[in-house]
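Both complexes below contain chain A, partnered by chain B and then by chain C.
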Partner chain A sequence: MTEGLKLRVDRRDGLAVIYTEGYINNQGGEEIARAAYSLLDEGYRRLLLNLTGTKIINSIGISILIEIIEKMLEIDGRLAFCELTPTIEKTFHIMGLAQYASIHPDESAALALLRP
Partner chain B sequence: MSVPAPSSGGDLRVELGQLAREVLPGGRRALDRLLPVFAALAGGGAAVYVAGEEGLRREALAGSGEFPERLVAPPAEALAFAGGFLAWSPAGPAEQLPAEALALALAVAAAAREVQLARRLRVQDFEAKARGVQIEALYDVGLAIASTLDFERLCEEILMHAVSLLDARRGALYLREGATMRLHRAFGGDAEPAVDPESEEGRELLSGTPSPSCCALPGATFLLGVPIGVARVARGILVVGDKESRHGVGPFPDGDRRTLELLANQAAIALDNAELHRDALEKERLEREVELASEIQRQILPKGVPDVPGFELAGWSRPARHIGGDYYDFFRLDGEHDRLALVVGDVSGKGMPAALLVSTLHSSLRLLAERLSIRPELLERLNRHILESSAANKFITLFAGELDPATGRLVYLNAGHNPALVLRASGAIERLGPGGLPLGLLPGASYRAERLELGAGDLLCLYSDGITEAASPADEEFGLARLAGVLESECKRPLPEVVRAVEDAVTRFVAGEPQGDDQTLVMLRRVG
Partner chain C sequence: MTERVPMREVTLVLPMAPDMELVASQAASALAHFVGMPADRVDEVRMAVVEACINAFEHSHAPDRRVDITFLVWGDGEPERLEVHVHDAGVGFSPADVEDPRIENKIRDSRKRGWGLKIIQGLMDEVRIQSGTRGTTVIMSKRRGGGIRES
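Here is the complex of A and B:
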């Protein structure tokens, strides 16, 4: 039994929410990247990553999230995170993700900022 | 550096080719703009390769041509720059490229070099931040020592931190149970349910460098394990498996072992604290339970003594713990002669199991005595009932008597209890016979009723072995002779004072030495 990442994507008016459940490691990060880049191809420029089902992330997963952030910056898109565990939120701040993507306690707060 | 003025023809090509081997400023955007121009001037396609940990990796591509993502070595006719090279298609000597292409190659190389250095800086920055995360995580586990007393949550936190900090794909936490390390929690896949720390596999895990054949995490190729606490008396093992990178999994470098050891050291203290807290909670729960059971038992024991014409009656019991295995009771039996039942019992064992058996004895004895009086059949029924309702190693010694106050006759049965003492008014002391087997020991045990005639001034003393076996600091027993001596010297006093005198004598004798057995006395004296 492996604890792979489960993803669910919810497309809304002009933005998309990616819900994660499980370990964001190399495999999990690449799944998120695939989903995110696919949404960019569909024309979405505002993405929210809701990590409510994720308790653990490693540095490989973080590096992939940074790549997604860089991609979003290149195309003048916006990426936000919400529902982080305290440990993951602290990690994001230390790793510098919070400088380029906003972090919100819950989805409604994130959506209020992201909505076009 | 000054750029030489363009000369003509082949000279210009050579000069620009030389310049292209040196560094010019650039960047990602410059690279992306310049490379397609260079490719067009070269007549087909072009690619920039840079050297990384995994060999030569294609950094940028433009136009057509065969440019694989990775290369082992640069093509012979590429233009090399520090940390990479520029290749083009169709292949050919640099000197055959148009002069403009060679001039452009300088800028392409500089831009590529800058891209490479920027990436290296980003990686270094990322690694520095990741080390910051590691330090924070170690600090967090340290904080948990003071804040997380939930044992299960703490175990989860420790394993999660270990897996994420070391970029592992899998992990497991083993905790010691006796001589075995038992799997407590696994992450990312199955783990071996138990590890013997003395086995080869156990020693490998505790040494930190398990061999590939170690099967703690089935399916994992690379393992790292450290003891939680000091290796010889480790309270657990922390194992992680398969170090992740962007290209798959690999072994854990030496530094990871040190990080895992630091985490395990913090974890050992945190687990100790959480376990102490868990034990304290359990102890508190048990104490509440014991207090409740003690209260139930206090309710079982008589609250006073019945008024029996022509007789004095007194009872006393002191449990060795909160709840004891001793029991005594007096109760009136239905019938025309106002008969009284006296009972003293001792349940094997102490604490809660003994108290539960006392409760069983109390209710069944009262119910049966109502119907059967104190007769052999009563004990035979009780024997069967106790055999059926108690653990195999539990038994009860019991003295049960039925007093007819009108005649002073006591009919009694003894199921393995200490022989009662009778102090006659004359001063003579008699021991009543030991009787049959304790209740609950053997099926089919039989009992015989005996008779005792009590005359005026005669005193019957029933006691549990906690009295006669009460031990002094010198490990000497109080004994039957001392009990008889107190009875002889104090027998003229009111009966409750005689009981008190025995209690005091035993208390003085043991001189504060903790006693392992309950102490019970029941006395009956005919006064008229």
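Here is the complex of A and C:
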């Protein structure tokens, strides 16, 4: 019924930004995880998930994001989110994700915190 | 006593199939707009309905593999509140036995799921669950909200 989630990765000095477009469900979450783990294999330890193109997400997709957060904690990396819709941001706060991954209104604010 | 009649009633029957929750979310969005909710509250209803559908898809074990969704618009003269019933004819469960998920536990737990009810309760104004051997109905409602009604 829906096209799969589209991802774009932008590698910068010492950090990488993953841009999402579309619904983050279980398949979408798995795609993000694959991209994130691939970046970790390349040596990136600071990741930003820019959800500007995502207007809806479900709890299965968010559970996979929690797996990524766990992985980042294990390797002493940093994960941040930006450009969330108010509802997605509220949902992340309901779940407590903000305790483990910072949430920023826009990319420049996130990058200012993430940059090595 | 006067019997109350909803201003609008819409029913959907969805198969338990991939992405069908998005069909429910589109209907939820249309009805929430009709009630006059601001965009953020519309989105919150959409997400809660998606979660209720996914819970039914994943946990109900309903033999008919379908979910019945009823949207009721309530109001006195103008729409004031949207109520959504998400029903499955599955095995039922005891809401009191559902563990409240906590991120500090989930972050190191192999099972990271189980957030649906918490999200629904956090996004909607009121949530009730009726569950038994004839299945489960999640009844949730949200008021139009403050501010001026959108045209």
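By our rule, the second predicted complex is superposed on the first by the 115 of 116 C-alpha atoms of A that agree within 3 Å, B and C clash if a C-alpha of one lies under 4 Å from a C-alpha of the other, contacts with A are read in each partner's own complex, and residues count from 1 in each chain.
Convention: a residue touches a chain if its C-beta (ideal position, glycine included) is under 8 Å from a C-beta of that chain, and two chains touch if they have at least 3 such contacts.
Just so we're clear, the structure is a prediction, and the values are computed from it rather than from any experiment.
Chemist: A:Gln99 in the overlay: touching chain B, chain C, both, or neither? Say first, second, both or neither.
Modeler: It touches chain C, and chain B stays clear.
Chemist: Per the contact definition in the header, classify A:Ile56: touching chain B only (first), chain C only (second), both, or neither.
Modeler: A:Ile56 sits against chain B and chain C alike.
Chemist: Which of the two partners, first being chain B and second being chain C, lies in contact with A:Leu73: first, second, both, or neither?
Modeler: Only chain C is touched by A:Leu73; chain B is not.
Chemist: In the superposed arrangement, which partner chain does A:Thr87 touch: chain B (first), chain C (second), both, or neither?
Modeler: Touch status of A:Thr87: both partners.
Chemist: Let me test your reading of the model: by the given contact rule, A:Leu40 touches which partner, first (chain B), second (chain C), both or neither?
Modeler: In the superposition, A:Leu40 contacts neither chain B nor chain C.
Chemist: For chain A, which side has the bigger count of touched residues, chain B or chain C?
Modeler: Touching more residues of chain A than the other partner does is C.
Chemist: Show which residues of chain A both chain B and chain C reach, each in its own complex.
Modeler: In chain A, positions 1-2, 23, 25, 55-60, 62-63, 66, 87, 90-91, 94-96 sit in both the chain B and chain C interfaces.
Chemist: Using the touch definition from the top, list the residues of chain B that touch chain A in their complex.
Modeler: 125-126, 129-130, 132-133, 136-137, 140, 160-161, 163-165, 167-169, 187-190, 244-246, 248
Chemist: Sort out for me which residues of chain C touch chain A in the complex.
Modeler: For chain C paired with chain A, touching residues are 18-23, 25, 40, 43-44, 46-47, 50-51, 54, 101-104, 106-108, 112-113, 115-116, 118-119, 122-123.
Chemist: Name, in rising order, each residue of chain A that touches chain B in their complex.
Modeler: Touch list, chain A to chain B: 1-3, 23, 25-26, 55-60, 62-63, 66, 87, 90-91, 94-96.
Chemist: Which residues of chain A touch chain C in their complex?
Modeler: Listed in rising order, the residues of chain A that touch chain C are 1-2, 23, 25, 55-60, 62-64, 66-67, 69-70, 73, 85-87, 90-91, 94-97, 99-100.
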